[in-house]
Structure formats: structure tokens, C-alpha cells
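The structure follows.
Chain lettering (A, B, C and D) follows the sequence in which the chains are written, and residue indices restart at 1 in each chain.
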Amino acid sequence: MNFNFGTDIAGTTFPNPIFTASGCAGSGKELVHFFSLSDLGAIVTKSIMLKPRSGRATPRMAETPSGMLNSIGLQGPGIDLFLENDIPWLRDQGARIIVSIAGETVEDYAVLARKLRTVSGLSAIEVNISCPNVENRGQVFACNPETARDAIAAVRRNIGGELPIIAKLSPDVTDITAIAQSVVEAGADSLALINTLLGMVIDTNTLSPKLSQRTGGLSGPAIRPIAVRAIYQVRAALPTIPIVGMGGVANGRDAFELVLAGANAISVGTATFGNPMAAITIKNELEELCIARGFNSFVEAVSYAHRTESK
Amino acid sequence: MNFNFGTDIAGTTFPNPIFTASGCAGSGKELVHFFSLSDLGAIVTKSIMLKPRSGRATPRMAETPSGMLNSIGLQGPGIDLFLENDIPWLRDQGARIIVSIAGETVEDYAVLARKLRTVSGLSAIEVNISCPNVENRGQVFACNPETARDAIAAVRRNIGGELPIIAKLSPDVTDITAIAQSVVEAGADSLALINTLLGMVIDTNTLSPKLSQRTGGLSGPAIRPIAVRAIYQVRAALPTIPIVGMGGVANGRDAFELVLAGANAISVGTATFGNPMAAITIKNELEELCIARGFNSFVEAVSYAHRTESK
Amino acid sequence: MINSKAVQMDAEIISNKRIGTYNHMVFSVDEMANGCRPGNFVAIAVGGPASSMVLRRAFAIYRASMRADGTGLLELVVAPLGNGSKWLASQVAGQKVNLIAPLGTAFGIPTQPVNALLVGGGYGSAPLFALAETLKSRGCRVDMVLGASTAGKIYAPLEGKRSVNSLTITTDDGSAGTTGRVSDVLPALIQEHEIDLIYSCGPMAMLEAITAITQQVGIVHQCSVEEAMACGIGVCMTCVLPVEGDDGVIRMTRTCVDGPVMNGNKVLWSKSRDIPDGVWGK
Amino acid sequence: MINSKAVQMDAEIISNKRIGTYNHMVFSVDEMANGCRPGNFVAIAVGGPASSMVLRRAFAIYRASMRADGTGLLELVVAPLGNGSKWLASQVAGQKVNLIAPLGTAFGIPTQPVNALLVGGGYGSAPLFALAETLKSRGCRVDMVLGASTAGKIYAPLEGKRSVNSLTITTDDGSAGTTGRVSDVLPALIQEHEIDLIYSCGPMAMLEAITAITQQVGIVHQCSVEEAMACGIGVCMTCVLPVEGDDGVIRMTRTCVDGPVMNGNKVLWSKSRDIPDGVWGK
């Protein structure tokens, strides 16, 4: 078959557009039990912070209709151990690696970028700015065009020339295109849409919030219509920016929907919890669908739902 | 039994806290086939505008995982015919009536309020401000503290002293408590939380957005965690404001969850489409649950999930 | 207004048989069957207790009948296409589903014997057989045209065929009957059988094509439309079509309560799915 | 790391019987049964194709065995409590469910014959019977305590009882055995049977109470914990507990891959569900 499934994110080429979503595949160590990591377009690692993090107290999750809440709190070993242990291992697997970073201050993002600058074998860096900014009353970086810009600018200044920066945005904003515009101006090469939505579940037995942190991030098929809308809006506002789409993709049809809306690649998150093989199944189904609908290459399908407007 | 199921919204008492949600029960004419409208706390009518409205072209809806999108576009007969036909009929049914109004300009809201001022037999007026403001590039009134305030202030100035004003807010904002604060300052006596979230579905057969208007409002159980979070946040910020909660309530447990988060009454929307008797079933289940959890009155259960914080 | 006979109930599946690409399903209902008229539909909750599908699915009533023991039977023809219909078609005898029926308007039955042509597309043939029987019993001549993309999608059971004077079949791919669309064969049939009245049920594009013919020839066209419905009972306003009323005003009209059977000649079919100019409130 | 034997498959339900307040369910699996050890669990997708439940449910393996024909059997004890478990318990023989097994750690088997006390709460008894058989076959003395709120929630099938030297039952309401909790009867049993090692499985509060005793008396405590799991395979980090490692560092440790069987004496049980001071990365 002649179908070209490859995709390009800010100059880096991936053999197929299906990635893992940050925080939904760990560092890939468990998933190799089910498939070869090199079969996916890329592995996006769990957002890593400067120092080791215990994360939040449990309960950290609650199932919701067609979705779930989580408040993991970015548990992880910190950047140094991560670079020592996980990156070499991922390289050995032949995986294309996108490192996701998260900070509590603008300076955190700068330091993380400097640490990554010299690491070889990375395909891109995803900047998770859906984190509370401890210098600004805990307001989430991604919820304000200025703080979002500051975090991305700090990464841009420190990362060096090569590595594409993917800014990951939160949907919990009045106008996501304004945030998108702002981070692109600050030097983001690509956007990841969308992170989870802030939600809450109350346990009607204990009569208290179910999660230890009260609120958590909503993911899964329930949020897919929000993801499609956000991707579509941002694509309309920024016609050429590469977008990594995510949010409730559970099968090839879902992935195709996000692609038509404007995603140049798709991250699979919550679906992996229900099915460890989800990303591989989605990859195969998406390829079949693109072919069935008459596309000669994946790239042709990207943003196709916008065609009527450009006519 | 001694359980007191009554609730109070800004001085108006309702025998029970289960209402219909605006736009999900028409004017009640079809539901009387299934139950007596006076059995519910109140009927919230479909948002009515100044003039007759055709609404949007079809398709106007798309099912989504545990939810649906709609873009009805406020189809309706306009306030004059509505007051002539629907209100007398609802009064005859013994229903408690909450009229929902919607405008395209601040002046529209003012005129609608004046028209309602002298109508007898109304329990409250709900102000749907999730409408595009034609004087401000079509930005939704509820997405900006100033325009939200202007719309509510216009109603406040024109409605006279008696009728409680319930301001209905959109969850599609960065900080819903800021909007809540703003409309309460402008004279809202109560808040309705939440309206639908902006979403989109793309048809993977036609390769175009499924709804004629491209985007639509997401409702149903999928959005319940967002509703619970919004109600909880606003309740924490405004401890005494009466809140009419809604968003994905499909059974008594769901309603109870919103009540514990801070809702003084519950509107049932999308659930009625799946089951015309939903509101009645929810009412019965909610009463049983409150009793089973040891509450002596409905009012005791309201905001109960906040108790740990006030300790 | 909502069909005054509408009842909500849990109905047991009596049988579920695959016929061609369809499932013929029989449900045990009570006296409710008595209230069903050809053209009415049923709204069924799908997916079971933990379903991700929040909306009911509408199905035209294929047949409704009362048994000697006082129980009623409701029969449907289900095309397993998407999640909801596939779930329904996978349910087995003995299981129960929640349904509301009868809903919507019925085909109007002429008071005088007339020559009626019944036109069905795909599973759109379902409500036409009961209609044919009723028309026959009133002394009408009944001819039928059924069309589909391919032979397997023609639903025309033997017992159904008995109640029509003639049956013409068209398929897009020529795998059965005449190659082409139902609208291709209509003009000749109208002339040949001196048709007074056309009843139709099928995809919207087919109904539009038939209307083009009936408006031209000037004969009555009662069609059963199929617009996506969220509630099926008239409360949500999703299922509307622009229809000209008796007062000459064109309104966005609910097809679940003022339909599914409507006067096809009064529907402003519009492929573009716009709100046509002149609609009330545009 | 994930259990190296883990396999994902569609498994047919062979039988599903109500026993007390539980469902005993048997699934046909292939050689996978060979890899299952007492303590391992299975993760099952629930709700069918249009399910609103996106997460698998974990169930302790009650028994796993190979049949002469080379097929394997997997047995579970399911308490139908919430949406997922109710759905599973309502499935009938012949239907298939998707499962992943074996997952997680197994109970460690002592190399020398010892005196073991097995403590189960509610359906927590499920994995203990296979464990008892294994211990017996290694020459251990095996005593068992089962507790529950009420008699109907004690799961103790006849064939299971055969492999234990003694069985003590406690219920909160006194409807069977001793009134009280398992922790009330433990100290006496530990002394009486000169217990070297305690295995436990049940609600977290019970495990915590047992740990208070084992830490005091200074005996080994292998417990199977039950923390809410989103993925069951180690990728989501929802299922953690603060556990002291061999290096003395307390880490938030995944109970799906480094558990469910853990050294109870090394778990920092904390009712408040805080991150205890001293946890790495706090």
C-alpha cells in the first residue's frame, strides 16, 4: 500500500501520528509487555519536575460517566534520576521520545530546559503549563496568557535551537485561542490540546469530595467534544501550527475526528487504562479509516473538516 | 414522615427542590402526559426572547459519550405569544413557574424584564446570559464579568422589587467565581450553574462538523464533574447565595451530589430526553437518599460537603 | 402535541430474527398495542444500565397487534448500523427494554377508496405493510415501490407482499429489480395505476425526490420523515423541519409530535439544511 | 514491574452462581491459568461495547487451574456492589469478557514449614483458599480467620475449609461466629497456634488493624491491599500507598505492580490518607 502515515511536528518527522499522552503511559516500561514502543509515533513521558515528587494523597482517582478524574500531583523521580534511568532505557527501545516537563515557577521551566538541552535522542519537549504557579497565588500557568507566555519563553530561551517545543494547554479558559496565540509568540513550535478539565466528584456515602485534593482533572471520552472544539478553534486561528490532539480518543474513529478538526498527531491517554493495547489498535484503525475515506496520506486528512470554510 | 423537602430560593419557597432545566421541558405541555407539573418544585421554561425565533438549521444535535451536543438556537414564539399562551396554561396546571429569558443586547434583557414585571403567578426569573452579545462581536455575555453584569443589571433595574432573579452562568470561563461575584453585585438574587459547555462533533462520514452551526452545547452526565466543581467553587466563594444546580443529573444520587456541593435546588435537563419521568424519579430518589443519610430536612444537606472546611 | 396514547413500559423481547441485513424484533406489550397506528413510532432506551448512550432511538412500528390472551405484540425492523441499533439488535428473547409508544402522527387514511402508491426506502418499508393492510380493508388499490442501495437492504417479507396489488423494486446497484432509484420509476407507476395518493417512508433525500414529483403532478404526498431526535416526545426541539402550516406560515416544526408523518408537499426540503427564507422567526 | 505472565484475552464465562451475597464466577482461559499464583489479580473490562465505565475492575483470583484438555479455568468471587461489579455479576454463561491476568504480586511462600494464619475480610477470603492449599502442600500448619459485617458476607465454601486446620469466624453483628472484628481474635490465635506468619486480605482498615498487632508481636505480615486502581498495569499512578522500601526510604508505591501483596509492616497506614512526613518527594 502507498498510504503515507507519517507526520511532521515542527520539523521532526514521526512514522505515524499516534503518541502516548503524558502521565498515561509512565515511561513506557509496563507497556513494552504489550507492544514495542517503537511501533508508536512517539512516547510522551509523564511530566517531570525538577525534584522528586511524592504526588498527592490517595484517593487520587474517581470514575465518572465516560471518563475519570485524577489528581496524581505529578508524582515522579525528578529530572536528574529521570534522565539517568528512563531516557537511556527509552532510547534502547528504539522509541521516539517526547519529554514532558512541568514546573512551579518560571525559573523551574528554565532549569528543566537547560537540563534537557544537551540530552541526545529526544524528538521534542512538551511543556505542561497546566500547573499551579506558586509565585502567582497558585493560578495555573496555562489559564493566563501572560504566565503561559512566561513559562514558554523561559523554555525557549534555554532549550537551544534544535528541539521543538510543544506547549500543552488547558481547556479551562474563556478563550483558548488567546492562550495559543500567546505561547506561539513566546516561541512554542507546536501545541498540545487538551489537558484535563477541572472537575469534582462527591462521594454520597462519606458526603465529602472523593479525591483527597477535592478537585481533579477530567479525561476520557466525556471530554472529546471539548477537545474537538478546542482543536478546531485553534486550527482556525492558527492555520499552520502543528497540533498534538488528545482528549477522549478511544478508537480510530475518535482519533480521525480530532485529525479532521486539525490535529497533526494524536496522544492516547485514558484509553490505555481500559486497554493496554489501545494506542496500537487506534493506530491501525486510524490508518484504515484514512484509506477508506480516500486519503493518500495522513497529512491530507489533517484539518480536512475546515475545507468548507476555506472555499 | 417528618422530612422537610422544601427549599427556598431568594425568599420564594418551593415544596421540593427538583425543577426542570430550561430548554429541556418546553413549556411543560408534553410532560403533563407523564406527570402533574405541580409535583415538581418548579418548571423552568425554555429561554424566551423578544421576538419569534426560528432557531438554527438542523442537524441540531449529536449524541456524545454520556452526553449530547445541541444547537437549537433558542427557537421560540417570542415573549408576547409566550405570555399569552404558555403562562396562563402553566398557571392552570398549578405549576410554580420560573421564566427563563435570553437577549442579544443589554436592551433586550431590559425590555424582557419590563414585560415580565407585571405578570402574576411567577416564582422567579432565570436570566440566560450564555447568549452571543451582538453588540460585542458575538461574545457570550456570561463569558465576561462586565457584560454579564450589564445584562443582569438591566434586568434588576426593570423587574421591580418582588421577582427573584436567577443568573444562569456558563462554565466556559477561566474563573466562574469572578463571574458569579460580578452578577451578584449587579443584583442577581441567585445563580443557576451550569449551562452547557461548548463542544463539537465531526462526522467521520461527511468529514465535516455534525451540527449545522459546527459547535453546540455539551450536556448530560459527561459534564457532571464540571457542574459539581463549579457549584462547589461558587458555594465556597459565596456562602449564602442560593444556587440552582444542574448538569448531568440522571438519578437521585447525582442530584444529591450537586446538593452536597452547594445546590439549593436541582434542574433536570438531558435526563428527561432519555426518560420523560426522570425528574419525578430523581425527586423521589433524592428524598429517600437524604433521609437514608440522616438528614431531617433537605436544607440540612445543602453544601454539606463543605463542612470539613468550616471546621 | 404528544400522541395521547403514549405509554412508557418495560417490554420483553419475544423474538429477534435476522432477515437480510435487518433484525425483525417482536416485543410483548399490553393493551398499548391497541393504540398504535401505521406511521407511529416507538422510542427505545439503549445500552443497558451503564450505557454511555443517553438518548432513545426511534423505530417505526412495523406491526402492532393484540393476542387472544389480551397481551399485545409490537414488531420492529431494526437495521444494526450504529452503537444504539447494534445494541438493540444484539438483545435476545427474554430480555427487556424500556420503550415509549405509540409516538408521533399516523398516516391519514382516506375516507373513500382511492388508488394509493406506497414508496419505501430501506427499512422505510417497515410501516408501509400495516398501512397497506388498512388501506386494502378500506377498499383501496395499493401498489408499492421499494428501493435500496442493494438487494439485501430491501425489506419485503412474504406476508407483507400479500396485501399489495403490485410490488416494484429498485436497487442502486441493480442487484434486484430495476436499476436506479424509486423516483425513477414513480412517474410511470403514477400514470399506469392512476395514483391519487402517495405514502412514503425512507431517507430524506428520497422523500425530497418524491415531493418534486408529487408537487409537479399535483397529488397528495404523506411522508414519514426521519430527522435526528433527542427526546421523541416534543420537549427538546432538535427534530425540526421547515413546514408550511395551514395558515401559510412556514415554521420549524417538530417531526416527533407533528410528524413523523407529514404532508410532504408542505415540507421545504432543502439539501443545504439551511433555515429557508420566509421561515417564521428567521 | 508488571507481572511477566500477564496476558490480555476474551474469556468465556463457564458458570456464574450466586453464593450468599457473592457471585462465584468461572471463566475459560488458556494456559494463562498456569501463570496465576495466589495473591495475583485479574482486571476486567465492564459494561459492554457502549459502556460508560472506562476503567477495568480488579478481582483477586480465587482459583486458577488447568483442565485435562489443556484449557484453563479462572475463578473469581464477585460482590455486586457498584455499577461495574453488578454488570459483571449479571453476565451469564456463554458470554465473554475481556480480562488481563495474572497481574500484581503473589503471596510469598515460605521455604520451610511454618505456622501460618490467614485472615480474610468479606470477599477478601477469595485468594486465601488457594494460598491455604499451597501452604498445606508445603507442610505448613494453616489456620484461618474470616470476618465480615454479617454472616451473609462470609465467603467460605466447603472445599475451601478442607485445607485449613481451624477456621474462626467473626461478624460485627454476631450473626455468625464471634461478635466483633478479626483483630479482636487475632492475639489469642497467634499465641494458641504459635503463628510465624500472617497473610491477610480485606478492607484497608482491617489490614491496618492487623498490622498494629503484627508490628507489636513482631511477626511477618503479608497483606493484599485494595486501593482504587485506574489501569491495574502500573502506568497511571493512582493506586499508591506509602511503603518503606528495603533501603529505608518511604515511597508512594504502586499497589498494582508492587502489590497487591505487600509487607504490611512496611506500609505506613494512615487513616487520614495524607502523604506522611518523610515520604520521598514530599
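We take it that a residue touches a chain if its C-beta (ideal position, glycine included) is under 8 Å from a C-beta of that chain, and two chains touch if they have at least 3 such contacts.
Note that the structure is predicted; figures quoted are calculated from it, not measured.
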item: Touching chain A and also chain D, the following chains; value: B, C
item: Of B-C and B-D, whichever chain pair has more C-beta contact pairs; value: B-C
item: Far-end chain from chain A, centres as C-alpha averages; value: C
item: Gap in Å, rounded to a whole number, between the CA centres of chain D and chain C; value: 55
item: Distance from chain B to chain A - Cα centre to Cα centre, in angstrom; value: 34
item: Separation of mean Cα positions, chain C and chain B [Å, integer]; value: 35
item: Separation of chain B from chain D, taking each centre as the mean of its C-alpha atoms, in whole Å; value: 46
item: Set of chain D residues in contact with two or more other chains; value: 52-53
item: Interface hub residues of chain A, defined as touching at least two other chains; value: 65-67, 220-221
item: Chain contact graph, described as a line, ring, star, complete graph or other shape; value: complete
item: Partner chain B, residues of chain A touching it in the complex; value: 64-67, 69, 143-144, 172-175, 197-202, 204, 207-209, 214-215, 218, 220-226, 228-229, 232, 248, 253, 256-257, 260-261, 289, 293, 304-305, 307-308
item: Chain D residues touching chain A - in the complex, by the definition given at the top; value: 1-2, 4, 6, 8, 45, 52-56, 98, 100, 227-228, 230-241, 251-252, 257, 273-275, 279-282
item: Residues of chain C defined as touching chain A within the complex; value: 52
item: Sites on chain B touched by chain C in the complex; value: 23-26, 29-31, 33-34, 46, 51-63, 65-68, 70, 72, 75-78, 212, 220-221, 250, 270-277
item: Chain D contact footprint on chain B (complex, rising order); value: 65-66, 221
